[in-house]
Amino acid sequence: MKMKKILVISLLAVFGVYLAEVLFKLDFGRQFFQQGVKDFYLITSPIKLQVANTVTAIVVNFRGFDTLGEVTVLFLATTAMGSILYKGRHQLGERTVLFSGSRIVTTGSRLLFPAIILLGAYVFIHGHLTPGGGFQGGVIIATGFLLMLMAYADYTVSHVVLSVVESLAGITFATIGLLGMLHGGSFLQDFLPNGSLNDLLSGGIIPIIYIAVGFKVGAELTGLIYTALNEKD
Amino acid sequence: MVGSPVLFIAVPLLAAFLIPLLGMVWKESIRILPGLVLLYMLVLAITLLEQVMHTGTIVEILAGWKPPWGINLVFSPFTGILATLMILMGFIIWIYSYRFKNVDFEEAKKYFILFMMLVTGSVGIVLTGDIFNQFVFIEITSISAYALTAFYKHRDSAEASFKYLMVGSLSSMFLLLAIILIYSQLGTLNMADIASKAHLMKPEFKILAVIFFIVGLGIEAEIFPLNGWVPDAYAQAPGPVGAAFAGIVVKAGVYALIRIIFTLFDVSGTHQFLIVIGLTTMIISEMAAIRQDRLKRMLAYSSLGQMGLVLVAFGIGTEEGIFAAMFLLINHAIGKSLLFLSGSYLVYNSADKYISETNGMGKFLPVTSFLFALGALAVVGMPPFSGFWGKFFMMSAAAHANMLLIIALILSVSLIELVYYFRVINRIYFYKKESHITPKKPTVNAVIAMATLGVIILIIGFYPDLISGYLHQASQALLDKGKYIQDVLSTGQLLTH
Amino acid sequence: MNFTLFDLKIVEYSFFITAILVIMIGLYGALVKKSLIKVVIGLSIFDSGINLLLISIGYITSGTAPIFSPALVKDMPLTLENIKKLSEGMVDPVPQALVLTAIVIGFGVTAVALSLVIRLYRHHQTLNIDEIKNLKW
Amino acid sequence: MIYYLILIFFLLLLMIGAAIYSIVQKDLLYAVIGTGLISLVLSILFLLLQAPDVALTEAAIGVALTTIIFIITIKNTVRFEDEVYQKKPSKTEAK
C-alpha cells in the first residue's frame, strides 16, 4: 500500500517535471507559431460574418460540426445515465433526494426563478454579441430548474416535455445543417443574411443554432439532474 | 450527386434525436429506424466507395470553409473501406439484435440510440480530418460504449464499465494535452495541415505529442499496457455489444493510431515501436487466452491478440504489409463478431459463461455451433477461409521485409490459437451436454445475421481477389502522404456567398 | 536568471506550474484513492488542470478578450486594417472554443461516472475499491 | 500592477490548496465543496486570462452542476471516505 503510493508519486513527479520542462520552452503570453488559423478567424468573423464574439463564430460557424458533436455528447450522457440508473418500468416518478426548504427559501426561489430563466434566455440570444451562448444559457436555465427542485420537495418536471423539447431542438440543429447543404453545398453552411456588426439580428445562422442549443442543453441538463434526483436507493 | 460523406454523421444524428419523439407515437419505430438509417448508410458507403476507387479521394468541406480553417471529412480508399466495414458490421449486428429487450420499451429505446451512436462515432473517427473533431467523436463513441457495457443490470457489468470509464477518460485527457501541444506549436488543428507543417515543430514537443497520442488512442486501439479493461468489458457487455466492440470500435482506435503514426508525424522509430508493441500485445494476450475458462473472456483475449497482429502488420510499413493488415482487419471484424454473436447463444442460459458449459451444444444448436466453428476456423487462419489469406499475405510481407522472427512468432501464436479454439470445438461436438443447462434457440433474425457473416467468410475465403483490388488502392492511399496533404489542402475555393 | 517574487517571468510560468501541479494532484487522486467518489473527484480535478493549461497557452500578454464589442469598435470604420490592428491585441480564440467543448464533454463523462458509482453502491453497499473486486483489475 | 500580481498568486495558490484539500479531506461532502472552489477560482482565472466565454461556462457547469451532481451521488451513497464512520444503515439490514 505504502509502496504503491510512493511509486505513483515518484512516477507523477517524473512526468510532471518532464511536462514542465517541455512547456517552459513556450513563452507565456506570446504566440508561438508564425501563421495559424486564428488570424483568419479574427479577421473573417467581424468583417464577413458580422459576429462580434469571435469565440462564438468559431464554435458555431467555423467549427460548428464540433458543436453538433458536443450536443450529441450531452444527449448521450443523459441517455447513458438514464440507461445505467434504470431499474424497470414500474419504479419511476418518486423523488428520493429531498431538499426541503423553509418558507424564505421557497418564496425566494419562486421570485428568482423567472429572473434566472430570463437571464439564461438573454445569454443564449446574445451569444454572438456578448460572452456566452447556447451552452452557457442552457446551463443557466438548468440551474433555475435545479433551484426549484431544491426548494420544493414536490416540484416535478415532465419527462415527456423535456424529451420533446430536446428532440425538437436537436432536429432543428441538424436540419439547419442540412438546409445549408441544400443551399450552398456544404453542411452547416451559413445561408442567412449576415446583418451588421453588433446588431441583434446578425451573424446568419448563429443565433438560430444557439437558441436551439440553449433549449437543448437546458432540457438535457434538467433531465439529467432530475434523473439523478429520482434515483431510488 | 449521390450524397456526400457528411450524411454518414448527419443522418444518424438526426435519427437519434428523432427516435424519442417517434417512440411516443409508434413503439416499433425505435427498432426499425436505426436499421433503416444503417441500411441507408451502407448503400451510400458502397456507392461512394465505388466512386472513390475510380475518381480518387472525396474531401467534404463543412460549414463552407476550406480545410485549414474549417473541419473536413476525408473519404479516401483507406478510410472509405474502414467506414464501409464498420457500417456493414453495424447493420448486421442490428439485424442480430432486432428483438433485443423485447419486453422493455424504455431499455430498448436507449439500447438502439446508444448502439447507433456507437457506430456513428466510430465512422466519424475514421472519416474526420481534424484532430479535435476526432477527439469529440472518440468521446461520443466512448460514452456510448460505457453505457452499453453497463447495460445488463447484474452486478459485475457496472464494475467493468467503471474500469473502462476510468482508463478511457484519463486517456482522453492525454489526447487533449497532445492536441494543445500541437496547437501551441503550429496554430492549426487540421491533420493535413499539421502533416505539412510537422517539420516546424520543436522535436521535444513532437515526441511528447506522439507519446500522449499513443497513450490517448491506445485505449481504443487496445494496445498492451492499456488493455486491462478489455476482457471485462467484452465479457460483461451484452453479446451484440461485444461483437460491436470487436468489429467496430477497435477498428476506429487502430485507424486513429495509424493515422497519427503514418501521416501526421514522421518521428523515427514509431514503426519499430508498432512492431514491438504489437508483438507484446499478441504474445501476452494469446498466453492469457489459453488459460481462460470463460468463453467470452477467452474470445476477448483472442481479439486482443489479433489486434496485436494487425499492428505488427502495419508496423512492417511496406505496401504489402499494410495490405495484409487491412485483410487481417476485415477478417478479424467479421470472424470475431461471428464468434461473439454465436458464442453468446452457446452460453446463453449459464450464469458464469464457462467454456465447459458449451459441452454437447452441437446436437442442440446445430446451426449456431456450425457457425461458431466456422468463425473459429476463419480467425485461426485455416486454409479455405478468409483468415488464411490474411496470415498468408502477412507472412509474405514479413518475408520480403526480411523479418523472419515475426514469421516464427506468428506461426507459434497461430498454433496457440488453434489449440484453444479446437478445445472449444471439441467440447461442442464431442462432449456430453451438462444436464443443468437448457440451450436457447436463436431467433430467426439472429440466425440470418450470423449466416450472413458466415457466407461473407466463405466468399472472401474462396475469392480473395474480390476485395484485394480495393485493399491495394487503400494501402497505397495510406502510404502516399503527399497526396493526402495535397488532396485535402487543395479542396475547394473559399466558399462565400 | 534571478527569480524574484515579482519578476514577471515567474508570474507567467506560475500558470503553467499551477496547471501541472493541479493535473498531478488530480492524477494522484484518481490512481491512489480507494473511494470511488474520490476517484471521480480526482478525474474532475485533472480536467480543471488541463482546461487551465489550454487557456493559458492561448493567452497573449496584455491582450483583450476576442470580442469586437461596441466599445472597442466605436466610431472606427470596419476596414481590414482596423480589424487587423485590433485583432493583434487579442488573445487566441481557438483554445477558448476548444475548452468550451472540453468542459461540456468533461461534465458529461463525470455524470456517467457518478451514475456508475451509484449503481456500484447499489450492488455492493460500499464504495471501497478493494471490496469491489469481482473482476480482476 | 503589484496588486494584480498578488491577486493572481493568491488565486493560483488557492486553487492548488483547494485541489489538495479535496483529495485529502475524508468527508466527501467537504471534498466536493473543495472541487466547487477549484472551479470557482478557475473561472475567475479564465476571466483574468481574457476568456469570458469559458469563465461563464466554467462558473455554470463546474461550480453549480458538477457540484450538485456530486452531492446527489453522496446523498445516495456514503458520506465518508473511510466507511467506518458510516451512519446510514445499509438497505439489506433495513429489509
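The chains carry the letters A, B, C and D, assigned in the order they are written, with residues numbered from 1 in each.
In this text, contacts are C-beta pairs under 8 Å (C-beta built on N, C-alpha and C of every residue); 3 or more make two chains touch, one makes a residue touch a chain.
Bear in mind that the values here come from a model prediction, so they are computed numbers and not experimental data.
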item: Set of chains adjacent to chain C and to chain D; value: A
item: Where chain B and chain C are represented by their mean Cα positions, the distance between them in whole Å; value: 31
item: Intercentroid distance (Cα basis), chain C paired with chain A, Å; value: 16
item: Whole-Å separation of chain centres (CA-atom averages), chain B against chain D; value: 38
item: Numbers and ranges of chain B residues touching at least 2 other chains; value: 132, 136, 139, 143, 146-147, 150, 158, 161, 183-184, 187, 189
item: Residues within chain D bordering two or more other chains; value: 51-54, 57, 61, 65, 69, 72-73, 76, 91
item: Overlap residues in chain A, where contacts from two or more other chains coincide; value: 19, 26, 31, 36-38, 41, 53, 55, 63, 66, 70, 73, 76-77, 80, 84, 131, 135, 224, 228, 231, 233
item: Chain-level touch network, classified as line, ring, star, complete or other; value: other
item: Touching pairs among all chains present in the structure; value: A-B, A-C, A-D, B-C, C-D
item: Residue numbers on chain B that touch chain A, as the complex places them; value: 4, 6, 9-10, 13-14, 16-18, 20-21, 24, 60-65, 68-71, 104-107, 110-111, 113-114, 117, 124, 132-133, 136-137, 139-140, 143-144, 146-147, 150-151, 153, 158, 161, 181, 183-190, 200, 202, 204-205, 208, 495-497
item: Contacting residues of chain C [partner chain B, same complex]; value: 27, 30, 36, 39, 43, 46-47, 50, 53-54, 57, 94-95, 98, 101-102, 105, 108-109, 112-113, 116-117, 119-120, 123-124, 132, 134-137
item: Contacting residues of chain A [partner chain B, same complex]; value: 18-19, 21-22, 25-26, 31-38, 40-41, 48, 61-66, 68-70, 72-73, 75-77, 79-80, 82-84, 86-89, 160, 163-164, 166-168, 170-171, 174-175, 177-178, 180-181, 184-191
item: Residues of chain D that touch chain C when the two form their complex; value: 2, 5, 8-9, 12, 15-16, 19-20, 22-23, 28, 31-32, 35, 38-39, 42, 45-46, 49-54, 57-58, 61-62, 65-66, 69-70, 72-74, 76-78, 81, 83, 90-92
item: Residues of chain C defined as touching chain D within the complex; value: 6, 11, 14-15, 18, 21-22, 25-26, 28-29, 33-35, 37-38, 40-42, 44-45, 48-49, 51-52, 55-56, 58-59, 63-67, 90-91, 96, 99-100, 103-104, 107, 110-111, 114, 117-118, 121, 125-128
